[in-house]
Structure formats: C-alpha cells, structure tokens
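What follows is a single structure, and I will ask about it in a moment.
Read from first to last, the chains carry the letters A, B, C and D; within each, the first residue is number 1.
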Amino acid sequence: MQVNKNKIPVGILGATGSVGQKFVQLLADHPIFEVAAVAASERSQNKRYHEAANWFMPTAIPEQVAKQTVRACVPDLPCRIVFSGLDANVAGEIEQAFARAGYLVVSNARNHRMQADVPLLIPEVNADHLALLQMQNLGRGGIVTNPNCSTIGLTMALKPLHDRFGIESVHVVTMQALSGAGYPGVASLDILDNVIPFIGGEEEKMESEPLKLLGTMTADGVKPADFAISAQCNRVGVSDGHQESVSVKLSGEPSAEEVIAAWQQFTAEPQTLALTSAPKQPVHYFHEDNYPQPKLHRELENGMAVSVGRLRACKVLDYKFELLVHNTIRGAAGCAILNAELMVARRLV
Amino acid sequence: MQVNKNKIPVGILGATGSVGQKFVQLLADHPIFEVAAVAASERSQNKRYHEAANWFMPTAIPEQVAKQTVRACVPDLPCRIVFSGLDANVAGEIEQAFARAGYLVVSNARNHRMQADVPLLIPEVNADHLALLQMQNLGRGGIVTNPNCSTIGLTMALKPLHDRFGIESVHVVTMQALSGAGYPGVASLDILDNVIPFIGGEEEKMESEPLKLLGTMTADGVKPADFAISAQCNRVGVSDGHQESVSVKLSGEPSAEEVIAAWQQFTAEPQTLALTSAPKQPVHYFHEDNYPQPKLHRELENGMAVSVGRLRACKVLDYKFELLVHNTIRGAAGCAILNAELMVARRLV
Amino acid sequence: MQVNKNKIPVGILGATGSVGQKFVQLLADHPIFEVAAVAASERSQNKRYHEAANWFMPTAIPEQVAKQTVRACVPDLPCRIVFSGLDANVAGEIEQAFARAGYLVVSNARNHRMQADVPLLIPEVNADHLALLQMQNLGRGGIVTNPNCSTIGLTMALKPLHDRFGIESVHVVTMQALSGAGYPGVASLDILDNVIPFIGGEEEKMESEPLKLLGTMTADGVKPADFAISAQCNRVGVSDGHQESVSVKLSGEPSAEEVIAAWQQFTAEPQTLALTSAPKQPVHYFHEDNYPQPKLHRELENGMAVSVGRLRACKVLDYKFELLVHNTIRGAAGCAILNAELMVARRLV
Amino acid sequence: MQVNKNKIPVGILGATGSVGQKFVQLLADHPIFEVAAVAASERSQNKRYHEAANWFMPTAIPEQVAKQTVRACVPDLPCRIVFSGLDANVAGEIEQAFARAGYLVVSNARNHRMQADVPLLIPEVNADHLALLQMQNLGRGGIVTNPNCSTIGLTMALKPLHDRFGIESVHVVTMQALSGAGYPGVASLDILDNVIPFIGGEEEKMESEPLKLLGTMTADGVKPADFAISAQCNRVGVSDGHQESVSVKLSGEPSAEEVIAAWQQFTAEPQTLALTSAPKQPVHYFHEDNYPQPKLHRELENGMAVSVGRLRACKVLDYKFELLVHNTIRGAAGCAILNAELMVARRLV
C-alpha cells in the first residue's frame, strides 16, 4: 500500500462492521486523512479487506483500502489516530488499550461516552469539552466519543435554543431507520408493514447524553445541563435517516420567528474553521408543511446537516417541531470524522 | 334482492369509497343488520355495486351486496339507519338531509363531530352522550358520529385513566397507517423508504375530539374535559394500524401497576350488553417490551380492541406508553357499527 | 398435558423454527391430529415451548402446545407420525433415525426429496407415488416429503395441463416472499427498495422436482417426466406468497378456454376424500387482468389453493400465465399436513 | 432569465410531470444544453416553475429553472430542440406541431415510436437509424424517440449478442420500479407487501420495439429484426430500477465466456465521441452470484449503464441472465438527452 505523505494516516477499528464500512466509505478521498490500517476481529484478520468485509455500501470499496490486509485490534497500527466502529461488547477494553499506548481514539461506541473525563463531542455543540482530554492523563493518547445517532440530531437542534432561550424540558418521539441497527440488524419479516416500538438502550441514551453535551465545562469537568428529557424510540421501515417529533419548553418566551432565526443563524467552530466535513449550515429550517422527510433531506450537505421543520405551538410544552438526521453519517461516522478534523485543526494531534 | 326480515335494513352512503367498502365488508353476515341499499356519487349510480366499486378489500365482495344497484344519496332508501362513509366535502349537507327526513345517520365523516347537539360517540367511553340526540329535535331522525381514527385509540386508553386518576395533560405522537388516507391515498413513491411528518387536519382533531368525548353530559349539552393535548402526526409505510407514543400527566399518583389494572379492568356498556361488535376487553395491556406492533396486534378482537404496552415513567409528564388501534375497523367503520348496535340495544331505533 | 384420545398424536421436529411454528399454528384445532410432542435442538430442550420459541406467527401460541416441554429430536416421542421442519443440515440423519425406529416422517426438508424410494408428494398431483413407501422396507416406518415451496405452486398448475395436453417445456421466473428464507432470514437493509436475483439452490429444485412429481409410478419406481424446465428465482419485499411468471409449451394445441377449463375442472383424491386441509378447488383461475396478487389471494382457501391468471399466448413457447402460491402454507407445512391426512385416509398409518 | 450564449437553448414539453422533472434535473449544469423554456398544460401555465411543479426529485430544483414562467406547449419557444416528456394522450399532436414548425423533437412519449419514418433510437444500438429523419421531410424539424424504459435495458444487453451470435428468441420477465408509473402512479396500498403482475401496454412494447431497434437500415426504411420476444411485466415495490430475468436463444453457440466478453467489449459511437451523458461502458457484467440489484447498481455510471449478471445455461433456450436498468435515467430522460447529444455531434441540429 502506498501512503500519501501529505495526509495523516489513520486506522479503523472494527473496520468490517457497518460503522466501520461507513468510516471506510467517508474517508475515501478525504483531503487530510488516509486509511493506513484496517483492523477487525479474529475472523477477518489476515484477509484482504474486500474479502473480509461483507460490503453493503451502495458505492464500491475504495481501491486504496480494498486490498489492505485486515489486522488485529492491537495498538501496533502505523498511525496516531484510530476511528473506532467497534461493538460495545469489545470496544471498552480495546479503546483503552489504544489510548494508553498513545493513540488518539475517536470512537462511535457507547462505552466511554458518559465517563467523566471523556469528551462526548459534537463540534458544533461543545468543542470546549475537548479540554477533558487532559484529565485523562494519557500523554498524547486519549479517547473522544461522539454521541448516539438520535442524540446528535436532537442536540444540534436544541443547542441554539438552549443558548438563546434556555431549555426547561424536552419531549421526543423517534422514528428510527434500519441502518441504525447495524447489519444484518432488523429482520425484514419483523419490519415490513410494521413499526417496532422499542430499541434497546436508546431512550436511556437520549435522556442523558444531551445533558452532558449541553453542559458547562468547569475546572472539575462538565457540569451537565439541568432539564428533563423524555424519549420514546420506535423503529420504522426506512433505510437511513432518523425522524424525531420534538416538543420543548423554553425559559424565554421567543416568538416562532425567533426560534427559526436561532436555527438559521446557528454556526460554530467547524463552520468558522471550514472543516472538511462541516456542513455550511448545521441546522436547516424548512417552511413546507410536510418537511423534513428522510427520503428527501437525509443527504443534505452530504448528510452532515440536521433538518427541522413544522415549528408550531405545543399545547403541553411551548413549541413542537419535526427533525431529521442522517443516522450513519451525521449521527455516527461522519460526526466522528468531524471530531477528528476539529482536533487536527486545534493541533491536538 | 332478498331482504332478511329478521334483520334491520341499513343503507350505506358513500358505499364505493374506502370507508364505504369497509362498511360493506364488516356488515357481511352481521346478525342484526342487513345492507338493504348502497348509495354513492353520480359516477357510480345505476351500476351494480361490484361494477361501480374499485373493490380493494382482501376478502371478496359479499354476494348479498355485489349485485345491488347503486342508488343516489337522497333520502328515499328502504331503511331507517344509514351508515355514512361520505367524503367530508359532501357529507355535511347529505347527512343533514337524511336526518331531517327521519333517518338515523351513523356517520364516520368529520363534518358534524364537534357540533354541540351531535353525539361524538365511542360506546365504551361516553354512551350517555346519546342524550344529545334529543336536542337535535328531528323526531326519529338524527346524526351520531364517531371520532377520528387516531382519537378513538387514544381516547379508549385515556378513559379509564381519566376516570380513576384524572388527566392533566397528554402528549401524543402518531405513526399512522396508509389506509387512513383512503384510496388511492398516499402515492407509493412518497412513502417507500420514507416518513411523512404531516397529515392535514389530524392534529387539530386529536387535540379537540378527546375533550368532547371525555366531557360531562349536562342539561345544556356536553361540558368538555379540561386538559391540554399536544399531537404530532406522522404517516409511515404501514397498511393498517395507527401506532401512538403517548405521555400523560395524571392528577392522582397511581403506581404503574394501578395504571395497568385500570386498563385491564376497563369494561363498559358494550361489554355488559355483549354487543355484536364489542371487544370482550376494550384495552389489552402487553408486558413484552416491544409490543404492541401493528402487524402483530391490529387484528386483536377482530380489530375492535385497543392495544397498549411499555408503560413506564416519563421524565416530563408522569407516564409514557405505546398504543395501537386498527384505524379502519375500531377507528372508523367498526366503531360506527358498534354505535348503531348500541342505539338498537337502547331502543333508539 | 392432556391428550385427546380421539385424535392421532403427532410430533414436530424442529418445532421452534419458522416451519415448525407454522406446523404448530396449522395443527391447532386440527380435527384428527393433536400435537403430542415438540422437539428441537439442544438449545431449546427442556424449556417450555413458549419460552423456547421466538414465536413470530401473527396468532397466539396454541395453549395446548405453549406449555409443553421441548424434547430432544430422538425417536422416543409418544406418537407415530412426526412432522419435520428441521433444517437441511441436520434433517438427513434425524429423519432416517426416526423412520428406522418405525415412525412415519412427514418432512418438509429437502434432504430425501429426490431419493428414489422416497415419495415426493403433493396429494393432488401424485398420490399414487405413496407406493414408494414399501420400497423403503422400514416396516411401519418411512419418510414422505413435500416439494420446495415454489415447486408446489408450479406443479399444481402444470398437473392438469400435463394430463390433458402434455407439457414439452416450461420457463418460470419467480418473485419469492421473505418468509421463504425462514427467520431471521433476509435482512431488512438488503430488501427494502430492492430485488435480490438469487436464492441458493432454488432454481435447481424447481428444475428437477416437478419432473419427479409428474413422473409415472412403475414397478421399479418413479419414471420422471421428460421435459425441460428453466427457472430464474428472485426475492422481493413481500411477506408471504410466491409469485411466478410462467410460460409453457404444450404437445396438444388447446385453446385458451381449454387451458382455463383444465384448471377449473382439476380435482383429485384430496377433494374426493374431502381431506381436512384440502382446498375445495386446487387451482383458481382469475379473469381480472391484474390478478393474482400476493396480498389479495395468498389466503385463498386457507392458503391451500393455487391462484393463476393472465393466460395469453407466448411468442416463444405456447402460453404464458401468472401464478401465486402461499409459500409457508400450501408451499410447506400445509402441504405436509395434507400429505399426512392422505396417508391416514389411505390407512397407511 | 440569463441564457448562456455558449450553450444550446432547449425547451421541455410536459416539464412539470415526472419525466419532465427528470429532464430538468438531468439538464442542470449540462455542458452543452441549457433549459431556455419549460412548457406544460394549461393548469401550470403562467406560474413560476417552482410553483407549478409538485417537485419530488430528491435534489433541489435547479435555480436556473425554478423561476422560469411555465409556457404553453405551442411552437413559439426560444430554442430549436425540445425534449418531450408529454403524456401519450396529448403528445401525438403537440409533437407533430413542433416538428412541422421546424423544431427537433426529442421525445420520450410512445406515440411516434413505431412510425416508419421516426427513428426509435438508442445511440449505442442504432445510431444509423437517424437517417430516417430525412424521410420525415420536415426540413430542419423532425421527431426522434427513445424506446420504452424496459426495452432500453433489454436491447442494450441484446445488441452485442445479436451482432456477434445472432438472436433467435428472447424470453423476458420484468420486475419494474414504481417510478415507471409516473406520479402519483401506483397507490401505496396497492403495492405494499405485494406484486402487481400487470402493466398496461408494457408487454406489447417490449415485444415489438427491440425488433425495430435491432433492425437494418435500408433505403426503404428500417427492416425489423426477425425473432420472437415473449415478455411478462410485473410491478414491484422498488423506487427506481427495472430488473429483468432474461433467457435468449442464439444462432451461434458461444461459450459463456464469449457472451460475457461480448458485453464487456461492447462500445459504440457515444463512447467513441465521448458524449456528455454516455456511460464509459454501456453494459457492465457482474460476477457476484446475487448481482445486479436495483439498490446497489441503478446509479452505475450516473444511471446510464446497464448491469447484467448471473449468465448461465438455460434448459429451454440457450442462456439466461439477470439485467438491471435505471428506468427514469437510462430508460427515459437520460436516453433522450443522449439522443440529442448524438444529433448535435452529428451536426443534425
């Protein structure tokens, strides 16, 4: 394999799984990162990547990766940054081993998200939480995580409202896409002509992760935001794109126009720095009365923007609206890559 | 056509449309009603029913109806009860004409639902509201309506909670089936691999109709219940069965067991009278953590029961749960037929 | 467990799998058979059936079976007939062990279908092939198999044509339902908005099994029919019901009316004997130009009839038509049960 | 509207319909054509295009077109080439009027396809048929049509086989996408969990159009190819991409390798001329045993290539294989645009 010396070599842990494949796909032709190593479980090791992965992305396997030999998930990879698409049942120990060995682990796994000294990061929301990295005391190494897919969409829409008006409570019901369950994931017989009103662990994540994300960075760590979130999570027969029906209670009493303006004007460090994967506008508001929709809007800004629409008064809280996030791009691998781009821009690598 | 003299002859207005077809299907072999007349718009008149209707029910057209000649929607039908599956754009005037002519109009249309002197009726919820009929001053004639499909499921689940614990507010997000939009209804290109977060007029109905249904019958009419409802309505790619994610705030502070017991013990006049179409148990609670589901539970008790499950604490209101109702049976034609059965049992016909 | 002494006790091998569950469902309330034993792999043994089976039929587990303890698949079951829904990778040896031990094995597995001394049986097609049983020389024991799901539909439609006109060649392209792949079977991400043009081993079965089924019983065994079959098998996003586009070349030169009459007049021993699971009419012809369809016709005659339609001239062979068979009822468990009913009627049990 | 003087202005007839929208989408940023006029039926006239069109393409309306005023379909448009996405019930007369007025009509409508003096054109298959244009005797005006969507895919795969080996007969069964029916097209209730074995007029087109396309250009017009085609057309629940199971009988006796080589080596005038919309390789052969699939391969070469796979012996004809074509791109608007590009390159405009 020929490595481009002008790019930063990166590794992918769990490279053959569904999140791993998305990392491979999104990193093809990336201007600053180049995949220098793919690692996976024993079953895949020592095979060529194109033989080991049951590739199911709609675009072909990037040539630069297809013939790489799959390695073991041990910290001897020829890179400093590793993206982790590992399953939660193995991610914990492997990621720690890499971090201790001096690797910067950019993880999509849930294992370390709520750990006090680990940044749970959405670059547009809480870039300042990267300060937690120092508390890990691992020298050049460390772990940075991105939130759960549904959380990312929700929190990006809540952030400008929280900053401008203060959030008092949030009620959210999700209609989540099949790709969120990985591969093979949901059996076709279970979801055809059906809705499944349960996704294990999802509601717990949605009710806790946004509070850390919207929390305040202090000398002692992150002081979480203090409001209640109620989440109900459903699986629907959609390939990609998590749809969410959200209601919020706000401390201020903004008009609908002010709420929409808060979204439209929302911009943050990734936009200022013009990071490669950053959407130009993190949150798009649609005025059409039946938007956003997964099929029409999930690919907006290469899948990195969040779409909202239908803002109107809520008779129980203050406002209700509809939200859409591409769960495997902005909600997973794409967010992790943006996290890494931010760290490079901040010279943390 | 041979009419069974032991049965009560009934007519169907809008008999060729999707609700009309459901009436025809559900009334086949009904022990007390017999379809004596089918009426529809000019386009269908004077054709045999099987020629006029683009029949799309999965069971064959009942023989007793197939060869009947479709009549005009004018009050000269050989029956006293008419079921109305008319479109809202014509239902208003036609139903009034029939009522004034002495017919008992049992309607699924939305036109007269919120009219002060018209019973908006779910037999298990507010049978006493039938007293409104007298206020119509139409002698033997009158109009009785059933609520919107999503409202029926929701209100049947709320009724025992309201009676035992008092409801302070309700938040509901629906995932509604395609059949709710009639036929041809939703274009396949619009819903395949998609969610549509808008159903015209639906949220307004869900936020108002339950208050009338749960209201108190007084000498001056129905005094509506006094609590806030917030509804967000989505269309999903499911054939039949509206799924709803509900949160409620209760005045009392019941335990989860008490809430479940309220549902399981809920029974009302249709059950006492053992009406033909009445479910044995109006509300079924499932303990499985991923139930109810449209595909598995919509046919429960011939589609006339409401399924609930996943009762758990809500961090914003008090409890949240999942609900399912068969939208074209319990939520439409089946409810109207039960309404008529109740009126027969009460000798209002 | 209380066993009904007026019924014939039967066992189910592989009772927790998808075919096994269908056996359990279809045998509930069967007038002559009663499930006396459910057996499955080690993982399920000694559990109650309702705990061992990941039940996914749309109707509840029959009470009579729910609490039975799952046994091992060894020939000590309290019955003489066993239905086998075993996976092909274990069915071969287990079924032989049961047959040698004197059990009558009525199998849906493919392992012994093409074995010279094993009847491959569709009661309407080749009841006389049961004579092969004697060639097994297993005393009261023996193995009888039903064909592949797609084969059953096709062969039932071919049988009356072969008898009356002689078949020279058959070309068939299938669009097969998801339930044909068992559970969990096809991943939802693979089939949503897609067609998969491959089903392992299916084309080979469709090109060989009908020839045995339509073969002639001789003293030396079955002499297979002598014509060519070409099959192309596709998976589509349908829950139940295999659709087939068929072309046939016939020796005779029947008119379209004669072909349709051959189907409509087709009747056989199961109809004469009025076997419990036998359809009144094995093959239904529809004159509508867009019938049959899986959603509308798969449940015809409790899923035991085959639907055909659209007979018209074929420019390459003689006639082309469309065919539908319920793959898990007529095409699997239902056919096996009918096979057993035939053997009981013939006093082979 | 600012028109780019370096580009050729074109008009779109039926611009608001589903084919018209595809023209608008595919012509955005086209290097040699620019949309100078959009025309549609009376209902849309004088509205801005973005108001008149119920836009349902997944990408936004091209800015250059969005604000254009929709014109009447009369031959006073500021351009020489018009693309016709008109419905067949009006296309006949309107297209003739434009042709007589000196416009070059590049039509996707079926009306003139089989007319003796009208080229039915796939640039890779029969570019020489453009000679028919002169027989129209309309000076600079004329009509050129592209074939039916299913025909295009089939004929592109047949062309190299016919040239090298000679075709004796073809049997094809299609599984066609929903977008082929236009918008709103197929009702969701009709196709969810279903297959519809009928598409009006489709089989007739598939059995005749390929013969004209593969016919020989003579002084008297096109002498059609002389072999039999049998087509059976089904609609399946797929958004885009027609799948076809094909069998062919060939005059020569090529090996499978030779057939595959014929496809892989197939190249024609659009490739030599490097026309803008031409795929680099018109027919792609896949060796995977479950390819091609609509979801994975419809976008190949921007939707302009045809995918084939699974070549194997057919027991009735000689070979069978699976084929996929993007029905709204290669099979409709994209083919028409390539037709126009060819005519520009040949200086026929």
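Going forward, a residue touches a chain if its C-beta (ideal position, glycine included) is under 8 Å from a C-beta of that chain, and two chains touch if they have at least 3 such contacts.
Computed from a predicted structure; not experimentally measured.
Chemist: Taking each chain's centre as the mean of its CA atoms, which one is farthest from the centre of chain A?
Modeler: If we average the C-alpha coordinates per chain, C ends up farthest from chain A.
Chemist: Would you say A-B or B-D is joined by more C-beta pairs in contact?
Modeler: Top pair by contacting C-beta pairs is A-B.
Chemist: How many angstrom between the C-alpha centroids of chain C and chain B?
Modeler: The separation of the two C-alpha centroids amounts to 41 Å.
Chemist: Per the centroid of Cα atoms for each chain, what is the distance between chain B and chain D, given in Å?
Modeler: 48
Chemist: What whole-number Å value describes the gap between the mean CA coordinates of chain A and chain B?
Modeler: 42
Chemist: Could you tell me which residues belong to chain D and also touch two or more other chains?
Modeler: 192-193, 237, 239, 295-296
Chemist: Enumerate the contact residues on chain C facing chain A in the complex.
Modeler: For chain C paired with chain A, touching residues are 56, 178-179, 183-193, 237, 239.
Chemist: For chain D, which residues count as touching chain A in their complex?
Modeler: Listed in rising order, the residues are 58, 192-193, 295-296, 299.
Chemist: Mind listing the chain D positions that touch chain C in their complex?
Modeler: Residues 169-171, 173, 175, 192-198, 207, 228-230, 232, 234, 236-239, 243, 245, 247, 289-296, 309-310, 314-317, 320, 322 of chain D touch chain C in their complex.
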